[in-house]
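Each of the next two complexes has subunit A plus one other chain: subunit B in the first, subunit C in the second.
After this line comes the complex of A and B, so read on.
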């Protein structure tokens, strides 16, 4: 959205402008509210929350809830905290993001610079795969992972995320390479450069921005996934989102809201950091998935 | 001769490499998406219970499904949820986009604040809102300690209102994204037309009503398609926020499918409900993707 200009022909009076600022600020507060609630309540003792102080700043500041959420809270039957599940998520996300982005780049290259009959239909088939309700593939996928010996493993989850992510990564690279001058490719071909040489020497060096878009999109999506994690992971391979849900929903003992909030921030932190550092690329990915061009 | 045969082989290889490179992805999609869809649709016509089984039962599962009050509840909830979610997100998104488009100071700060929820997991969103809306410790309790003792807000625990808390959390998560879609549309409008209309004495209200908003039609369409497909797929948010309850007050087709397939061991009925979800999304997405891809040529 960086390319958007602020130029507009509409002129507004002072009263209207004040009202507009007021509404915009109110909405900003609305969007920040849950983040505020999570943050302040994750650093206060439990009594302050149950005593009706959810909106107050902490009277006693403590990092204890964070430590508990990270390393000692009860998740399922084990008092391990979220730490092992955090690493499960990392082990699932990293290979899935790398593989799906590489495949997306190659697919986008083929679909724009080596066009053949029916290529748009094939691309449409790949793209539609991103939008299906994944409930329709849960049952056969569970069987397939079992047959492949990947049931209940982070590798299995990574595979699932590659399969259902390539539609989007292909879309990004396809749209990006579509506007790349084809004459350059033709010239390189006349000079005798082959398929991979052209990709490696000509397209890849200028693919930085779209690769970032693809990596960030895939990272956010896969990290935040719950359905596949809940369906295919076992107790030892659960990703962060599933573990967080188990922590919050567990019905045994006292509900430690402060630990829940700390856990929620821990689960949100990686994607939130990526958003703060490279939000521009994240938004670009979002927009490419909806409005074309 | 040898040279030309070699060159011939090379060009033919060059012609095949692109297709070879595309084929692993294509094979994966064909098997894991379309093959699996066929498999699930097939299962919806079988007597599968705890495991897939292949005894053909015709339309029996669909017959049973439509007679289940549980399914009816989840469809009614879907109607309420999707309707409100799409309309409210579109209104907030369009409103914020129009306001942000008035040369606002601090736009660069406000925009990321409106959009950051999109980067969060629905489980995180659900957790935050679950405890904020909880009458015991959240908003209601806070109002009581602040002195407003008659304040009541127990929607999340109330069968008749719990579905609206799902709408609230979902709107919180995606309305900023809709804002970004409309803002991109607004920024693409030619200012010359607006200036000309202003010369003719058109008011701001009329500018928006007659010129700007009609030009945002593609953004409206995209917003509708994206929001409706998100609505139908809503699953994690309900699980984290209400767990489908109280009772079945916030069950949606996605949670219905999950519980029938994996906890109630009625895989045939689960597959039938998944098939209906797929058909609904296909009816919305296929024309949209078709139009988008055709325009590109």
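After this line comes the complex of A and C, so read on.
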């Protein structure tokens, strides 16, 4: 009797399991379809695309569109490809990510371990920064950059992203440090460590997971930003996203879809890489402090 | 002038005063234990000595130097925390020498001091490990090592044993006592455990509600508690406190208490000074171990009274047997030797060592003194 019931249990289990996997597989395929279209079309000659059959695998495999997108496609006036703009993005993203993460960590440290009057109100105001739409600050920001002599420069863009990112990084680090034992800070105080020594020697070495979260979040946001790049950069400091738009939107000549596809993938690669390298810390860090132990 | 003087120290948070004019003077080499229930202000007082909390009014002096406003690291104190507070990213060795490094002690001297302390605490084999790889007892040792290495004037312990399991706690307690005897350092130790307080201290400050209820040697605290709070807080099981009335029998003051059936027992006091309480109600305090069977009574006592009362429950605990009865309308516990022949619902003749009995004023709850 028990034998039969066990059998049916396994059989039903198998059926539901197969169903679940089928549905999941369908969703995965659906989700991956755009990537597939981009990949296959970026390695086809243009005639194959214009001749129809966007879903087909390439008959002639070529890396020419990738090379063109990288170094010789017409963007703006010069046929430079995306390469200079890629470096523009790097020059903007790296300092902005580093500075906003360090400032966020410092803010989190002060807001949790060096409490002062009205600190919760201050933190609330900083959180508010996370919810301000980009569009509202465009004009005041342009004026400020102009006054500081940073208009149209990569440094100016980096500054904008630092200012915009501090709200998020502060939130991350504050919540992480809130569960960091205060007794450790007190022990370090008695041991004679100063404000920055405690930060560098005690707090930062234990902040790995949350630093990774902050870096991934800031990197993807800043790298993918279009609006600030389009508004505050001039022709020489445009980031990758703006250049890609210029490449795709150019109204003269033939639309080279294969080059556009290759360019779009190039623009998305760095964030993808960051996720693959540091992704497993991401979830760990996001969950940090939510569960005891 | 003591070695560590706490002079009318007060602590307020806004309008709320949590510590009221604490006045304690600690001599060099003394082991002072601050004991009390949670929220009594003992940890706040310790943090004020350490400099981690500001003093609202009053003064704290170490070696006659006023410490108000002096940074914790400049007070020459060391503290052992309840959670040990070992830096998780550093090895045991680095943990121990961090304070010396911050004070600019050169590396060879740091290494030497570390080696000495590691030898003293027998943690030499742990020096390269991270705190996460240590057991609770080992972490405790490292935390003490970190305090010892700086050779401070005053050691502060904040409930250092409360995270350990029962057996280890007893071992470490002995260890701390040994350490104090060997090094002769001045220690201020916070605990809520009255047994720790009794065993470790040379003096105890019992605290409640932000007041020091009594300051004295363990023996003074135990035998002559200042009030009912101290009497019932110190000692386990707690001191029995029963309503009684002072009556004069043959010119001597006696405590008249109601037995289980309403009959009155008259127990003679040892102190004459209760004569002027004749006819008035008091609260009689009797420690459980001073109520025994007649054979188990203290032979050195000059004042053993007997009473016959009904046993309600007996609880054999191996080394002792706890016997409960009704006295003065309250449950009273007697602690007897394990081979006392007692059984429930039996009328039994108890011997009460009245030399150790104390009387409290029912209104002020203070002990009635001569």
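One rule holds in what follows: the second predicted complex is superposed on the first by the 264 of 293 C-alpha atoms of A that agree within 3 Å, B and C clash if a C-alpha of one lies under 4 Å from a C-alpha of the other, contacts with A are read in each partner's own complex, and residues count from 1 in each chain.
Assume a contact is a pair of C-beta atoms (placed from the backbone, for glycine too) under 8 Å apart; a residue touches a chain by one contact, two chains touch by 3 or more.
Predicted model only: the values in this text are computed from it and were never measured.
> Output check: A:190 vs subunit B and subunit C. Expected answer is one of first, second, both, neither. What do you get?
In the superposed model, A:190 contacts subunit C only, not subunit B.
> Of the partners subunit B and subunit C, which touch A:149 in the superposed model: first, second, both, neither?
Neither partner.
> Would you sort A:205 into first (subunit B), second (subunit C), both or neither based on which partner it touches?
A:205 contacts subunit C only, not subunit B.
> Could you look at A:181 and tell me whether it touches subunit B, subunit C, both or neither (first, second, both, neither)?
second
> Applying the document's definition of touching, compare subunit B and subunit C: which contacts more of subunit A?
The larger set of subunit A residues in touch belongs to B.
> Given the touch rule stated above, what does A:30 touch, subunit B (first), subunit C (second), both, or neither?
In the superposed model, A:30 contacts subunit B only, not subunit C.
> Does subunit B (first) or subunit C (second) touch A:253, or do both, or does neither?
Neither partner.
> Both subunit B and subunit C touch subunit A; at which residues?
On subunit A, the subunit B and subunit C contacts do not overlap at all.
> In their complex, what parts of subunit B are in touch with subunit A?
14, 17-19, 21-22, 24-26, 28-30, 32-37, 39-41, 43, 52, 92, 95-96, 99-104, 107, 110-125, 127-132, 137-139, 141-142, 144-145, 172, 176-177, 180-181, 183-187, 191, 194-195, 198, 204, 207, 218-219, 222-223, 225-226, 229, 232-233, 235-236, 239-240, 243, 254, 257-258, 261-262, 267, 270-271, 273-275, 277-278, 281-282, 285-286, 289-290, 292-293, 295-297
> Mind pulling up the subunit A residues that touch subunit C in the complex?
Touching subunit C from subunit A are residues 181, 183-184, 186-193, 197, 201-202, 205-206.
> Sort out for me which residues of subunit A touch subunit B in the complex.
1, 4-12, 17, 20-21, 23-24, 27-28, 30-35, 37-38, 41, 49-55, 103, 106-107, 109-111, 114, 116, 120, 122-129, 131-141, 143-144, 162-164, 166-167, 170, 178, 194-196, 220, 223-227, 230-231, 241, 244-245, 248-249, 257, 260-261, 263-265, 267-268, 271-272, 274-275, 279, 282-283, 286-287, 289-292
> Within the complex, which stretch of subunit C touches subunit A?
50-52, 71-74, 77-79, 81-83, 85, 87-89, 98-99, 102-103, 146
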